Every structure is written in C-alpha cells, then in structure tokens.
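The next part holds the structures, each set out as structure tokens.
There are two complexes below, and they share subunit A, which is joined by subunit B in the first and by subunit C in the second.
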Partner chain A sequence: MSVPLFRTAEKRTFTFPGWLRYILIGAIFLIAWQLYVSLSGVSQLLIASPLATLQALIADFANGQLPSAILVSLQNLAIGMGIGIVTGLILASLSTFSRFGRDLLTVLTAVFSPLPGIAILPLTMLWFGLSSSAIIFVVVFGSVWPISANTDTGFRTIGTTTRMVALNLGLTRLQTVRDIFLPAALPHILSGLRLAWAFGWRTVVGAEIVFGVAGSNGGLGWYINNARYFLNPPAIFAGLVVISLLGVLLDTLFQFIEQQTIVKWGMKQAQ
Partner chain B sequence: MSKRQWPLAISLIILVLFLSACGNNANAGSSSNAPTSFTIVYQPGLGAATFIILKNQKTLEKQFPDTKIQWDIVNSGSAVREAVISNQGQLGTLGVPPFLVGWDRGMDWRVLLATSRSDSWLIAINPRFKTLKDFGPNDKIGVVAPDAQQAIVLRKAAQQQLGNAHALDRNLVAIGSADGEQALLSGQIAAQLSGSPFQQREIAAGGHVVLHTKDVFGPVGAGLTVLSQSFYNQYPSFSKTVYQDLVNESTYVANHHTEAAQALAADKASGGGGSVAQFKSLLDDTSLVFEKTPSGLVAYATFMKSIGLISKVPGSANDLELPTVSGTGN
Partner chain C sequence: MGQPDKEPIVQLSHVSLAYQHGHAQSATILEDVTLSIQRGEKFMIIGPSGCGKTTLIKAIGGFLKARQGEVTVNGVPVKKPGPDRAFVFQDFEQLFAWRTVLDNIVYALQVTKHLPRRQAIDKASFYLELVDVAAAADKYPHMLSGGMKQRAALARALALEPDILLMDEPFGALDAITRNQLQLELNTIWRRTGVTIVLVTHSIQEAVFLGHHVLVLSSSPARVLEIVDTSQAEDLDSPAFTAHSLHLQSLLVRQDKDLIREQVVPLSIVQ
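So, the complex of A and B:
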C-alpha cells in the first residue's frame, strides 16, 4: 500500500483526534475484560473484573491505604533518583576531565550496569537491614549507570566551538560544567533520566514486594503483596493499575520537561 | 494498523485471555475412586512430622498405586492457599487464619482434620524488649505472613496490651521461619514469632520470650489439614483413606518420638534443620500436642471479623468441617 506524500484537502478523510483513539482502545479493552470475567465463569479469586478493581481503588483511596503506599513508593524513588542523579553527574564530570575518571566510569559501568537492581537487594538488606535505605540504595544503584553513561555521551558530543567558548571565557571547571556542559548535554541527560526512572520505578516496586515490610515502610509493592496475603485480587489489580498510571504520569512529566527545555530551545524536534 | 486488522487484533487478545484462564486440572480424573494425581502442600517445622512420616512410609503410594502422589513444601499458609486455588495442590496444611481468609473469600475448602497445636513464642534478643509496649515504630517483628496465625495472635495481644489491634501492623515483616531466625540473630529484625524448632534455637542463641501465644487465645488453634469440598465429594473414599492415614501417622508420631525425630532430622527442608536429639527433646516437650479435632475456628473468626480482616463468622465450626471431623470442633 503506497501512501501519498502530500494529501490534498479533498482526499483527507475524517479521523478522530489521538486522545479519543487511545480512550477508545482503552474502553474496548475494559469492556472485553469485564465481559470475559462476567461470562467465562473464571474464578473471582484468580482475576478481578474492572468494576471490582474500581471498587477496590475507591475503597483503598478513601481509607488512606493507597495514598500512603503511593507516597512511600514515590518517596523511595525520588530520594534514590536524587542521589543517583548527583552521583551520575559527578562520575560523568570526572570522566570528562580526566583519563582516570573516564577509565573509572568505563569499568564501573561495564561491571555494574548489567546487574539488575533487584539482584543486589539481598546484599543491601544485609547492609542496611529492613529499612527503606536498602530500597533507596537499590534505586541509586539502578539509576546511576544510565544517568552517568548518557551524561558522559552528552558531554563528549558537545561541539568544539562550544568547548572553545568555555575556554575563551576562562571559566573554572565547575562553571564550565554548570553553565556550558550541562545545558549543551541536556538532550542526552534527559534521555538518561527517562531511562533511569523507568529502571528505578520497576526496582522500587519489585524491591518492596521482596522486602515484605509492612505499614509505614510499605509502598505500592507492599500493598499488592499484602492484598495477595489477604486473598484480595481486586486490590492486587488496583495496585497494578496505580503503578501503571503513575508510570504514565511520570513519563508525561519528563515529556513536559523536554517540551519546556530542549524542544523549546530547538535542540530536539518535537514529535 | 488498517481497519481490517482491528477485529483480528481484538479477537486475539480475547483468545489469549480465555486460554490463560484454562488452568491445569491436576486431578481431572474420571469418575474412578482415586484421582490421577494428588499433591500435598505442607509447611516446614515440627508439625510437619506427620507428613514426613507419611511420605517416607509411602503409605498413600501403596494404597493408591494409580495415583501420582506429590509433596510440596511452602513457607506460609498464603502459599498453601495459592497452591490450592491454582489447583497445584489438593491437600493443604495451614493455620486457622489463612484458612479463614480463603473461606471468607469464597474458597470451597473445609477442614479434613487438625494437625498439631503448640505454643509459639515472640522472641527478642535485645533485653530492652520486655513487653509489646517496648516496640518502637522501627522495631521489626518477623512473622511468616501478615495473615499467619502468629500475626493474628500478635494483633489480639496488641489489642489486649496496647489497646489497638493494629498498633503493631507497621512492625510486621513477612519472612519465612528459617530466614527470620537468621534475620533475628543478625539484628535485622527486633523480634520473631514463628514456632518450633526455630524458637528454641533462638532461645539457645541468647533470645528471650516476650509473649506466649497460648496466653492470648488460650489452648486453641491447632494447625489444619484442609481439602476442597468438591474434591471430597468427588473422591469420598480416597479422602477418608487420606484422613485415616493422617490420623494413624499422627498417633504414631505422638507415640514414637524417636522415629519422628529421626525423620525430622533427616529431612532438613521439612524439619527446619537439627539433630535427632534436638528434635526428640522438642517432641517430648509437652507444649506440642498432635490433635485431630479443629479448635479455635469460631474464636479466631470472631476476632478477625472484629478487626476487619474477614467479613463473616461461621455459624458454628461445623460449617467449616468435612464429614471426617463434622461436629467435633469449635
């Protein structure tokens, strides 16, 4: 099927706007899901219907369980990512300015980045005990490598002209990084961040499930695990829905940041 | 995607969903007297003695040569429940509360018989933990699962001593008994509430008892061996034979501590690890009672409903019992 390069006004057929198409797909999926649960006779203990999930969502939002679980998970993610970003930027800066720094980053990234964050959880549980520090450390570990590697690439691909300007102005190294390198490498840094948070988010939820710590230290992973313990599939589904929705929201946030910075500044084409 | 592909894609999704729900049917035998396969799911600890002996003596295998008898060890009653829901296991052994949670949510399982009852201890290493009042928000207490018998007893104790059944919810950590023992000794958790032989080893390693579970609900709440009502109805004679075998083994274990201790020591995964002499002294300890009559069903259900963990209470224990123990429990 060939697609004409330019469509004339007469040929253009009516299409729904993007958001409506997405909602339509979502609605079809939800209806199919509900029909499946209602009609197939599948045990309600194995799969919850969208309506039961919605009820669980409303109930657990009202009684405060979900909001507090969301806060805990986001807090773990934010602290872990924050430390990961700072560490990643420092590593990338060292790598830019010294041969040793570059070797260090190369070796560290090669050795540690293939390790899934969850894999080091048993170790961090030994080091930090059953506290949120263990989870935060795992998030730092999961996010620091994509951030440092991407930032490093960003720093390295900065044009010679830009570098020369920094030299000409006689800036210190710190000033060079802060005022020249960081803005110039922003497209790479942001894609590193998007990668890192995606790692981090999965890691936080996974770690909370493995962890099994209840109550105040329990985030969304704990919430779905607890629902499992009390044989409450609608709550498990509700937890999954929240985890997914928060993921979409966080991704939208990063798109917004890109829109407001590198797209606006003409460093990246809008999609 | 072209318009023509849409119906195809959607029907594919629905097909996948339908297929994924067609789980396996381990015991989808014909109308014969015994299922083609039968999986027993139990938990590690002293109470597993009955099952280890039954397994070692191959009693069921001899009685039902055409049935594939399998054994699975899992770490918590919740895991037993999942095995039964997904039909990975038919006979399960678990505490009263996880059984009640399953019953409350609509599982059709009932009690075939009780297994054993023992006093579990809340054990701490640090001497500053003398009562439940000494636990701060960061002092973790290990239990095998938040719905385990120990966790429910702890909530009742919290209600009695602290005035709020949920006061210690934030302290609970779900951890298997063997891992919990390590976590307690290495200081990762402040206290552990599991059972024998773990608690005695923790005492030997310098721990002290903060709470006896027998002081909270009284001498009730023996572990349960459960089977689904539909399985029992389909294979009544098979089920009754399994019941009788378990009664026999339970009596045997109660009267032959040395043999039971040898079986426990030889099977580390089931017994939890230890020497014959250690298991012998644990079995001789009168706090462990092998009993066949379920107890505490209504008492636990009433408490669990009162704190919102389940939604209903059985009219009587009879509602939860198979004909094998019908009308005997409480």
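So, the complex of A and C:
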C-alpha cells in the first residue's frame, strides 16, 4: 500500500463534521465523569462533579472573580510575549547582519534555553518582589529563545533568489528585514511563537500558583491555589477548565493567523 | 525593424570574475572579457553549461565585483545592484509569495520610485496587461502556472522602467510552447519599450531568434569565443537564421556535448 505524500481529494461516505465529533467525545467524557462522582461515593472534597464545576464557573464569573483572574493571566502572558517577540526578532536580525550578533545569539541560546523558565522565578522574585514584573520576566526569558532561534533559522534559509530581488530593488536594511525577511521567514517565526506561547501560558499559571502561596492577588494560578486553600474543589476544577479552554482558544487564534498568512500564501499546506 | 542606437550602455573591459568566500577566492570563472552592449539592443549570452553565464550577468547586475577590469553602465562603474538594471531570474521563487501579483509590482514601484499607491496600481496594471497576466492580478503567486509566474516577474521588471533588463534563462524552465509564446511577446515588448535586453540562454534557436548580438563563451575559465551579429536573422525560415544557427552550433560543438544533443533536431521544427 502506498502512503500519499500529499493530501488528495478523498472519496468519503457521510461523516459527522469535525466539531460535532469533538463535542460528542467531550459529552461522553462529561457524562462518565458525572456518573463516576455520583455513583462511586468518592469524597466531594477530592473531586468535584461536572455539575458542581459548572455551578462554580457560573458563580465566579458572575461575582467577577474569574473574569479578573483571566484578565490578569492573559495580561501577564501578552506583555511577556510582546517583549519576548520584539527582543527575539531584534536578536535574530542582529544575528543575520553581524558576526558578533550571531555569536551572541549562539552563546545565549546554548546557555539559557535549557533552563526551565520557572527555575528562574525565585531569582526574579528576589529582583522584582511579588509583582507581575517577576512573572513577566520569566515569560520573556522563556519565549525569547524559541522565537529568536526559529526566526534566525528562518532568516538563514531564505533563498538566494529572494535575497537578490531585495538587493535588486535597492532596499534599505530596515525595508529588507521588515518587508522581505519577516514575511519570508514567517513559517519559522510562527512555529517559534507556537512554542513560546505554549511555554508562556504554562509558566504564567505555574508562577501564579507559587505567588498564591505568598498570598498575593493575581491570575488563574492564584485563583486555583486560593480555592485549594478554602477547600473548594469545584472552584479548582473551574479554574482548570478555564485554563484549558483559554489554551484551546489561543491555539485556534494561532491557526487562524496561520490560515490568513502562510497557508494563504502557499508557504504551508492546509491541515 | 528597429535597430539599436550606436551608443554603448554596458561596457566590460578586460573583466575577470571570481567568487569571494570570506578571504578565500575561487578559481577564475571568467577571464579577460571585453564587450560592449548598445543601448536598445537585445544581447544574448550563450555558452556551455557551468561556464559562467550567470556569473557574467550577475556582474552586470552589480551582484559581483570584478576581480580585474571594469564594468560600466551608462559610463559609470557598477558598484552595487539597483533597479535601473532589473533582473528576471530563471526560477519561480522570484515573486514575493506573501503579496498578490499586483502587490508585488506595486511594492516594487513604491520602494524604488516612491509612487503614491494609486499611481503605482495604475502603472502595475498597465504592465500586467502588457504581459497578459492582468487576469491573475489579485492571485497569490503560488496559484499561478510557471509561465504566468515568469510573465508576472517580467511585468515587475518592466514596471521599474529600467535602463537594462537582465534575464538569466527566464524561459528555461518552461515547456516549448509557452517558451515560444513568451519569446514572441518579449519581442513585442521590446519593440514597444525599446529597453536594452541582456539575456542568458541555453538555446541557440532562442539566441538567434531574439538577439541582435550573441556572445559565445568558452568553457571554463570562460573567455569570449566570438560575438556574432545576428540582427538580420529574425525570420526563422531565412537562410541567415539557419546559417547563424549552424555557426553558433559549430562554435559550441567543441564546448558542450549536452548542447549538441539538444540541438540535433532540425531548427525549423522547433517553431
């Protein structure tokens, strides 16, 4: 049997659309979960049922606790990623245009990228105290390396012809980077960003949980930790559900961006 | 039939070319090339595979510095690439994948001529019309056939209204029919614009059909074997056409075995 290298038009008999299949699986999971909690007699202090979780979700959305926690977490992520992206792109540009920049990026990436971001949290807490800055710094630290390394690879693999066209048009360096290198390297940049945000999202929540111990007001990690403190499993589960759903949402946003750029431009096959 | 002015636009005097890699220099690729190209003529470059045709046209384009001798355009020594010498490459990657066909040209006009967008669009549309790809103006390059991509690339080069059109085997990757079509169109465009054309080709038929002069290079290190005046041989059935073709063929026979095999087919059948 041969495996097709490329997607071909397939003849299919009727199937459910994708979203419906996913919802079905989700529903089965929820029902199993509810049945387990209702029938097994497991302590409600250990596991909350889906219904209890839903109630906690509704209540904490209504009283504003969850919305403000979501806002804080997303804000930490956005600021950290924003700084990480700008710094990463600058590092990659330096690396393409100067020998020193390349050496710098090589050394920094080699030394720092193996460090789990959360491992430097104690240090940033020492520097910035129990503030958002400490978390943001960790997110920046974690996102800079995948972004700059991927962007650098992207810049390096731009074809000779593309470079020659840029030279032929007599572009300035800024124009070359902004108008040619960035879009040409976008497939690489986006995969760097994907790594970075996945890391960043986990780090934000993790760091907030650590902060929660210290009793500071904060985001979703803090919310979960707080719920544990008050022995409120439905709220813990509600927090987890929100974290996961936001992750799915961010991923969807990401796919949308890919669809509108590199897929549309034929630089990546549609999934 | 229009005749080129008797005024040189490109001059090479005793030019030797080699590639520079860091401090190491490759063996000499072209040696002691002296030639002049008249304003408004169609100048063809032909020679054995790998002899240095691309290297030569790159030097005229300013992508490569002469090791010895001097390349001048309009009497001024060539120092770097510029939009006054618009390049059309052989491969299909020369259009920016992230811009539509129209936007590819609009962008080139905005950065080189600083035209306002409205004006750039008008001009771009005019040239797309000229090369017969106006219908694909709003498509992204990956949706075009090879022939359409080359037409679009030609339109972009023409829109820059360059002094010289440098073409490195622009039709090399196309099928015979599309190729012949584009040769005819290039002639029409030349008649309308009077632009100087320097074109590298592997095909004797193409060289004789299009060219006023055909430069024949020897195998490496390449030297000028002969510059043949083919300005009287535009009719494919004329005795002059056959005579020039046979002459070029005999010059190349000693140089390139592949070329002979390709050209054994009687030339009249090719059209």
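In the analysis below, the second predicted complex is superposed on the first by the 253 of 271 C-alpha atoms of A that agree within 3 Å, B and C clash if a C-alpha of one lies under 4 Å from a C-alpha of the other, contacts with A are read in each partner's own complex, and residues count from 1 in each chain.
Please note the rule applied: a contact is a pair of C-beta atoms (placed from the backbone, for glycine too) under 8 Å apart; a residue touches a chain by one contact, two chains touch by 3 or more.
Quick caveat, the model's predicted, so the values are computed rather than measured.
With subunit A as the common reference, subunit B sits beside subunit C without any clash. For subunit A, the partner that touches more of its residues is B, with subunit B and subunit C as the two candidates. Of the two partner chains, neither subunit B nor subunit C is touched by A:Thr109. In the superposition on chain A, contact of A:Thr162 is made with subunit C only, not with subunit B. Legend: residue contacts after superposition of the two complexes on their common chain; A:Ser191 is shown touching neither subunit B nor subunit C. In the superposed model, A:Leu130 makes contact with subunit B only, not with subunit C. In the superposition on chain A, A:Ser49 contacts neither subunit B nor subunit C. Aligning the two complexes via chain A yields an angle of 160° at the C-alpha centre of subunit A, spanning the centres of subunit B and subunit C, rounded to a multiple of 10.
By the touch criterion defined above, A:Asn76 lies against neither subunit B nor subunit C after alignment on the C-alpha atoms of chain A. After overlaying the two complexes on the shared chain, residue contacts for A:Met267 are found with subunit C alone; subunit B is out of touch. Minimum C-alpha separation, subunit B to subunit C, in the superposed model: 35 Å. Here subunit A touches subunit C in the complex through residues 159, 161-162, 164-165, 167-171, 175, 179-180, 183-184, 186, 261, 264-267, going by the rule given at the top. The touching residues of subunit A, counted against subunit B in their complex, run 1, 28-29, 32-33, 36, 40, 42-47, 125-126, 129-131, 212-217, 225-226, 228-232. Those residues of subunit C that touch subunit A in the shared complex are 61, 63, 80-83, 85-87, 89, 91, 93-94, 96-98, 107-108, 111-112, 140-143. For subunit B in complex with subunit A, the touching residues are 2, 10, 13-14, 17-18, 21, 23, 78, 81-82, 85-86, 101-102, 105-107, 137-138, 140, 145-147, 169-175, 183, 186-189, 309.
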